[in-house]
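Taking it in order: structure first as structure tokens, then the write-up.
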Amino acid sequence: MLRNSLILLVLLGFAAAVFPLVHSYEAKDTLTGVAEHYANYGKEEVGAANLVSAVVVTYRGFDTLGEVTILFLASAVIGLFLKVSETHTKDSRSVFFKSTEILVTASRLLVPMIMLLGAYIFINGHLTPGGGFQGGAVIASAFALLLLSRPQKQFSHKLISVIESISGITFVFIGLLGILLAGGFLDNHIFAMGKFGTLLSAGAIPIIYILIGLKVGSELTGIVRNLKESQKVG
Amino acid sequence: MQLFSIEYISLVVGFLILLIGIWGILTRKNILKMVIGFSLFDTGTHIIIVALGYVRNKTAPILDQANLQTNTAQKIVDPVPQALVLTAIVIGLGVTALMLVYAMKLHNEKKTLNIEKYNDLKW
Amino acid sequence: MILLLITIVLGVVMLIAALIAVYNKDMKTAIIAAGLTSLFASVLYVLLAAPDVALTEASIGSGLTTLIFFYVYNKIRRNNAQE
Amino acid sequence: MVAPIYIIATLLGVAFALGLFGKKMNSMAGLLSVVALGFASFISLEWLAGFWLYDRAAEYIYTAGFKPPFSINLLMGKDEALFTSLINIAGFFGTVYLWDKLKKIGSNGYVTLMGMILGLNVIIMTRDLFNLFVFLEISSIATAGLIIFSQNLKTIAAGFKYMLATGIISGILLLGIIFMYYFTGTLNIDDFLAVHSLAVKGFGVAVFFVLISIVLELKPFPANGWGLDVYESADSGIAAMISAGTATASFFVMYKLLPLGTPQFHMVLAGIGLATFIGSNLMGLKQTNPNRLLGYSSIGQVGLLVTILGLSEFLGERTTFIAYSILISHFLAKAGLFWISGIVKRSEIKEWAVLRNNRLLLILFGVFIFTLIGFPPFPSFFGKWDLVLNMASNNQYFWIVGILIGSLLEGVYLFRWLGYALKLDNAEMPAFEVKWNKVLPIAVFGAATFVVGYFVSSIHPYAKIINYIPLAVALAFVLIDFLPVYVKNTLAILAMAYYYYYLYPTLSSFGAVFGAIFMVGGIVTLIAGYAFKGQRRGFYPFALMMFAGLIGLIEAKTTLGFFYAWEVMTVGSYFLIIRGKKSMPHALSYMLFSMGGAYLMLAGFAIASVGQFNLDMSTLSHVLVHPTWVFILLAVGFLTKTASLGLHIWLPGAHAEAETDVSPMVSAILLKAGVFGLVTLFLAMGDQLIGGDVSVIYLLGWLGAITAVMGNLMAAFQEDAKRLLAYSSVGVLGYILFGLSLMSHLGWLSAVSISVTHFMFKSLLFLAIGGVVWRVKTKEMYRMGGLIKRMPFSFFSVLIGIIVLAGLPPLSGFSGKWIFYNAVMAKEWYLQGALIFFSGMIAFLYTFRLIHSVFLGQLKDEHREVKEAPFWILVPQYMIIGVLLYFSAIPNSLLKPIGKIISPYFPTGGLEWTGQHAVSTYGYWNGLVIFYIVIAIFVTVLVWLIINNRKAQKVKQFNIVFAAERPFKPETSHYAYNFYAHYRKAIGILVEPKITGWWEGVAEWAHAMGDKFRKIYNGNGQSYLIHIMAFIVIIYLISFGGF
Amino acid sequence: MGTIVTKILYALLTLFIVTNYGLILSGVVRKIGARVGRRHGIRFYQPYIDLIKNYTFRTRITHGIMYYIGPVFRLTGGIGLLLFLPVIYGSPVFDNFSFAGDLTFVLYFQFFGVLGMALGAGESGHPYSALGVSRGLAQTTAMELPLTLGVLALAVQYHTLNIHEIVAAQQGSILHWTLFTNPLAAIAMMLSFLAMMGRSPFDVVLAPQEIPIGPPTEYHSALLGVLQLNRAIFPAAKLILFMNLLFGGATNWGELVIKTFFIYMWSVFVGIAYPRFRVDQSVRWYFGIPLLIGVAAILVVKYF
């Protein structure tokens, strides 16, 4: 009990530390600084309708590169952690429960729909809200549903890692192209800027987002698959 | 400083969830509960980030309508925190997934989820 | 004004869900409560004019995180049962 | 110049490509990643060369084609180039080291490693705060991955704690970043530096959160349990990467963000750093697991670096020099030590004796230990020197004391570990198998310490003028260590002789006298080296290193040169002493006392340098601030070397346990280094007063007198012959100290002449007794006896030695006593004079005991066939005897030149010489006439006795009047054990080892404190998190609570 | 060259006189001791007879070189001490070789003989001789402290270490003797004189009952003869030294005989009155009163 009250004390101290931050906060009425520049010149400089995607992919493209590396590292470490067996062992019963009839038929209908939605999200990343990450996550959830409904179905680990690597390498390659052809690493002017608002606009952003979508999708599926088939490592 | 505005409430709620998350981490002995505490801590931070980016009665930073495309600085919310929070959420996922796998492996070793049992490395 | 009301309600519900997630003995309800908090958070983001973030939070924050939680929880339960 | 962005592009590209490699192509993947890391190191080294040699301008790299703050930019400046090359080199050699382990793990392992190096590189180069957060996260996830390369309970638990801790820290960092963005509207570090003092209190708190999370990343003292577990459990190769890589990178981040903090926060930072440095070194005392011990030491060193950052406004532009020299030494040494630990794979530091199976690794282990602690010729020596000097110039004495105590504590456990490795027996331990890919990185880093050491000394303003030739010659002897003894011995003697010939004209005043003792003495004692057979590996480099240090003392023009030579001498002598069989504990106490003394001297020189234009030795004569303190510090520093009472406990063991020809070197020559130091100090600073009237030199006089008496008293009660001689050295050194503190012509004449004579008779005695011990294989005097019949030459040299030591008239010992009597009369220090005479009397006790128990009395059965001491040990003895007799017959050949040297400093009260007849103000003395008369009487009486007693019949050993009985066993009738039992009954209480007891008490207390502190780390991951949160709250309250 | 030869002849003359005086003195004192004990006592010339007896022994043994040379050291020490002392004040004839060494030299030269004796005794291999030597050395160190303090006080008082000048300063009336001008120093030195003479309270070194005759246990015949010769000269030399330092030296042999006789009687009287001390008792005793007196002597001289 003493320990909890001590922790409470520490938490109150932390709250007191955070209080001036909260206290001196009031909502701004106009954008200032960097955001103002992005807002006013985003359209000309990057040409993406969805300003957040513009910031994510081009302005702070290096962050996204870092971001993708994090997921890649996370799945690598998880792969490292769980000694995943290549061969499909007979007794890998479903983690949850025997998949029921309803789940199988529903999944047969839903899975393609979800995948279509995911693809739409990351293809139109620069126009509508969403982007590579969200699209990838949706696709991963589609695969998760697939895994739930058909536990004995086996994914080839090879395929997932190949997609992952290829999309990663191409992403870096596009970044390098940025140096050779355009202003700097990860600059999106390497491809035609196209007409603002249309599908093929904003230079490299859609291509990058597609790559990110594929990569994130495969990584998350990889993680889920590793969890499902990981042997009980003594 | 209006107390009752959307962003201030969400900021306060964000901090409260953050504190609850930390409380969960520091007091619960069960490892899974700690990881849950962690995900709450992350969610709280994300709420704060987005709340900070909010500009009163402005629309989302998507320039789909024509009128938004001229002097957009006065019409949209701050896109930068949203970009940052996007990355933060995915980082949160990566870290949480890794922690859960750690938790699973720890459970394999000593068949218990109580953090106090894992004190072989001390002094 | 209506938005203000909704935010307050959302805030309160999220706090309750967070407390359940921390204090509830049964792990399953705790995980679900955590998922709920992030779900309500994504709704809050929509209110705060951040659609991208809402979509991410919904799919990753509540969706995948909860999924992984359940995977691991069940594996641990099965592992426990085997002993 | 390849653009730095390619570092990131190659690392990332290869990381992603590794996914394509299947299970079978592991070695291919390994090769690819090594090539990638090699290319990255090449780029950063190329930039480093560009900056430091051709000093190019720093270069900004823009991403996304937009100017900052609108996009993320990276900087490749002079510092970034250095740090990225350190990281990449660590990565490259780390991968080479972990080659086989990575091959077992497969492509995921390579990916994690590449991810880690990539993360660290970007952390160093990035100028964007959020980008810093992202890549910090990458490196922490990669580290979490690296930890579980070897999957067992410990690594997984450590990994989990690591994840929890870094999770919270990065969460708080994110919070801080986002609020900084909210207040300033930008994320670029350069913009923050420009605007950093915003009126709003909130901004200050946001900056605080960012800075505190970076500090937590550096594992500060109370909140670093999680760091230690990682170091202990992780595979040593990984721990090397973490300790060398992550610590360097996070230090650089701290250095980058330092200007954001308020000056008050800097002081708090310095406080945290010092607490970490002292705390973790204190806890290091109790560690037995090598990796955990290295973890403590690594956290301690990072703490020291944080302190330096905190004190940067005191250190001014020297901060970078100091920080980088200490950082690079830490980087090289810590990586090397972890790698060696990876090869040795022992969980107990006592089992490291197995290291002796591989000579190269043992040498490298020693090199890394000395690099870590900051001995010359390694880089951190200059770093620590500048640090203490600059702090003294801002009279920040509190920090100096803290830093020196911390480094002393670190010295304790590191030298104890080195002692275990060198001396504990490793008979039953199976040897470890060594693969080239593990040894290569260690060897490269070992060589790098020397190269960097030389480079750092070449850019240091005062280090340039130190004469490195003697040290270089000593190190050169390492190369020819495989030659047989007689070749190396001749070479060493020739080198010494040539250097003495080369140096002689330049030596002036006391340098000439002490130069003669050091070099001529060195040559004489080296001659005894011919008696040894085989190669005697490891002796000559360190012997010459000691002599190089001694020569350096004389040649030193600057205080830095003096201190450099002093430390070189300590290193050389440490390795000489530890060669003895049972010498490990004594060598350890010797090194600790020397380090303590050296640090006092360092503080003394630092305070002396305040307000001076240069570091010349002459600055000691006009010290501007606290001259008394400078005097006391330096004096005590020198006294640790002359083993005055209280600081003497290391001497008996060190001299007694050393090898036959090392004992005379260490006892007769090395102690004179302290005397030379005192001479320079007394001449430069003259007398100092404490509190206006108490003269320090008066106190030193009393100390000298008491040491003389106690030293001789303790010598009288020793059973071990060499220990007896060692204590007698303590006595004579006390006598010399008293002579010097008389501060009069005669006082100094007696002190300096006694130091010369002491060198002669002490090396004579040690060589003779060494020869006896060599034959008889025991040092216990009561086990010997009657050896005059078997070893007459040794007997004669010991006889001459004790006559000179006791100061009996015909021989030169008496000259010192006579001059001394006059000096005491002149100075009117009668009571101390009487004490010194009493010590002279006690000299008779132990000299007789020595010669009686060893040579006279009954010859033991097992020694009936023992041969005379080896020829080459007798040769130097009889050379010395020749010189002694010459000086006894013609005393003014020694005393007049010394008198001439002293007279410029003490003109009045000298001796008038007419031929060999010396007249002083009080008495007169004619050495030559006395010598002739005594010899004449002796001869006449001898002749008269021979005439009367010509048919004397030699009787056998047991033919003695023993109550009409015939003693059968020599043991019963050899009266030697506890020879002065009755004397001990009378004044034995004076000689109880109270001082040793006190020092052991101090050591015990320190260990108990260490033990109490380390109980904080109770192994519970949750409590570590509570420590972190509590740490944040406390530091917040200190920084903002207005304490 | 001539002066050297004459100096040596004069020295030999002094040596002859003092040796005979020493022998007769020890004989007479033993006779007085006996007569006090109401015994007839030995003939006063008994020491001559012992000397001749030892030299005419037929069986001669030696235990080794050092054993052989030990007595030579001993006698050299005795003779040397005597020859470096100015025996008769003022007469060029009898101040022997005192021009070579001053008071410090004399103090230190005492030990030359002691060391020689110790080495010789050690070589003999007899445990009792070694025991005797250890007792002797321990006791002398204790005795030496008050002596040194006394001599220091004396030297400071007269501002010289030259024995001639000390004696010169004490000429004139009895009141000029150091005994009266510096009583504390004199007492301290006289107390340590007891142990120097090795008479009763401090004679554990030679302790006839316990160990035959201490260090020289194994010696006999010519070697013992040399030691006996020294036992005559060495005490006489010390008597002369104390006479010069404390009792105003002697201008002629008659005065010398009387003064030395009474100094010697001082140690005899104390010897008879007190039982024998063990070594640690004597060491502890010397660190008590005599040491304090010595320190007092120093302080007195230093500050007044």
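Lettered A, B, C, D and E in written order, each chain numbered from 1.
Following the convention adopted for this analysis, a residue touches a chain if its C-beta (ideal position, glycine included) is under 8 Å from a C-beta of that chain, and two chains touch if they have at least 3 such contacts.
Bear in mind the structure is a predicted one, so any value in this text is a computation, not a measurement.
Novice: Hop distance check: chain A to chain C, minimum number of steps through touching chains?
Specialist: Minimum step count, chain A to chain C: 1.
Novice: Starting from the defined contact criterion, work out which chains touch chain C and chain E both, please.
Specialist: Common contact partners of chain C and chain E, which must touch each of the two, are absent.
Novice: Chains in contact with chain B and with chain D: which ones?
Specialist: Correct list: A.
Novice: Specify the chain most distant from chain D by Cα centroid.
Specialist: Farthest by centroid: C.
Novice: Looking at chain pairs A-B and A-D, which one is connected by more C-beta pairs in contact?
Specialist: A-D
Novice: What chain is the most remote from chain B, judged by the mean position of CA atoms in each chain?
Specialist: Chain E.
Novice: Suppose each chain is reduced to the average of its Cα coordinates; what separation in Å results between chain B and chain C?
Specialist: Whole-Å distance between the two chain centres: 11.
Novice: I'd like to verify one number: the distance from the centre of chain D to the centre of chain E, where each centre is the average of its C-alpha atoms, in whole angstrom.
Specialist: For chain D versus chain E, the centre distance works out to 54 Å.
Novice: Give, as an integer number of Å, the spacing between the C-alpha centres of chain D and chain C.
Specialist: Here chain C and chain D have centroids separated by 59 Å.
Novice: Counting in whole Å, what is the centre-to-centre distance of chain A and chain E, each centre being its mean C-alpha position?
Specialist: The separation of the two C-alpha centroids amounts to 108 Å.
Novice: If a residue has to touch 2 or more other chains to count, which residues of chain B qualify?
Specialist: Residues 5, 7, 12, 22-23, 26, 52, 54, 60-62, 80, 82, 84, 86-87, 89-91, 93-95, 97-98, 101-103, 105, 108 of chain B each touch two or more of the other chains.
Novice: Two or more other chains touching the same residue: where does that happen in chain D?
Specialist: Chain D, residues with two or more chain partners: 130, 134, 137, 141, 144, 148, 151, 175, 179, 182, 187, 1026, 1029.
Novice: What are all the chain pairs that meet the touch criterion?
Specialist: In this structure, the chains touch in these pairs: A-B, A-C, A-D, B-C, B-D, D-E.
Novice: Can you name the residues of chain C that touch chain B in the complex?
Specialist: Residues 3-4, 7-8, 10-11, 14-15, 18-19, 21-22, 27, 30-31, 34, 37-38, 41, 44-45, 47-53, 56-57, 60-61, 64-65, 68-69, 72-73, 75-76, 79-80, 83 of chain C touch chain B in their complex.
Novice: Please give the residue numbers of chain D that touch chain E in the complex, ascending.
Specialist: Within the complex, chain D touches chain E at residues 786, 788-789, 792, 795, 799, 803, 806-810, 814, 817-818, 821-822, 824-825, 828, 830-831, 833-834, 837-838, 841-842, 844-845, 848-849, 851-852, 855-858, 922-926, 929-930, 933-934, 937-938, 941-942, 945, 948-949, 951-955, 957-962, 973-976, 979-980, 982-983, 985-987.
Novice: Across the complex, what residues on chain A touch chain D?
Specialist: Its residues touching chain D are 6-7, 10-11, 13-14, 17-18, 20-21, 23-25, 32-35, 37-38, 45, 58-63, 65-67, 69-70, 72-74, 76-77, 79-81, 158, 161-162, 164-166, 168-169, 171-173, 175-176, 178-179, 182-189, 233.
Novice: Mind listing the chain B positions that touch chain A in their complex?
Specialist: The touching residues are 1-2, 5, 7-8, 11-12, 15, 19, 22-23, 26-27, 52, 54-56, 60-64, 69, 71-74, 76, 78-80, 82-84, 86-87, 89-91, 93-95, 97-98, 101-102, 105, 108.
Novice: Which part of chain D faces chain A closely enough to touch in the complex?
Specialist: 3, 5, 9, 12-13, 15-20, 22, 61-66, 69-72, 105-106, 108-109, 111-112, 115, 118, 122, 128, 130-131, 134-135, 137-138, 141-142, 144-145, 148-149, 151, 175, 179, 182, 184-187, 200-202, 204-206, 208-209, 1026, 1029-1030, 1032-1034, 1036-1037, 1040
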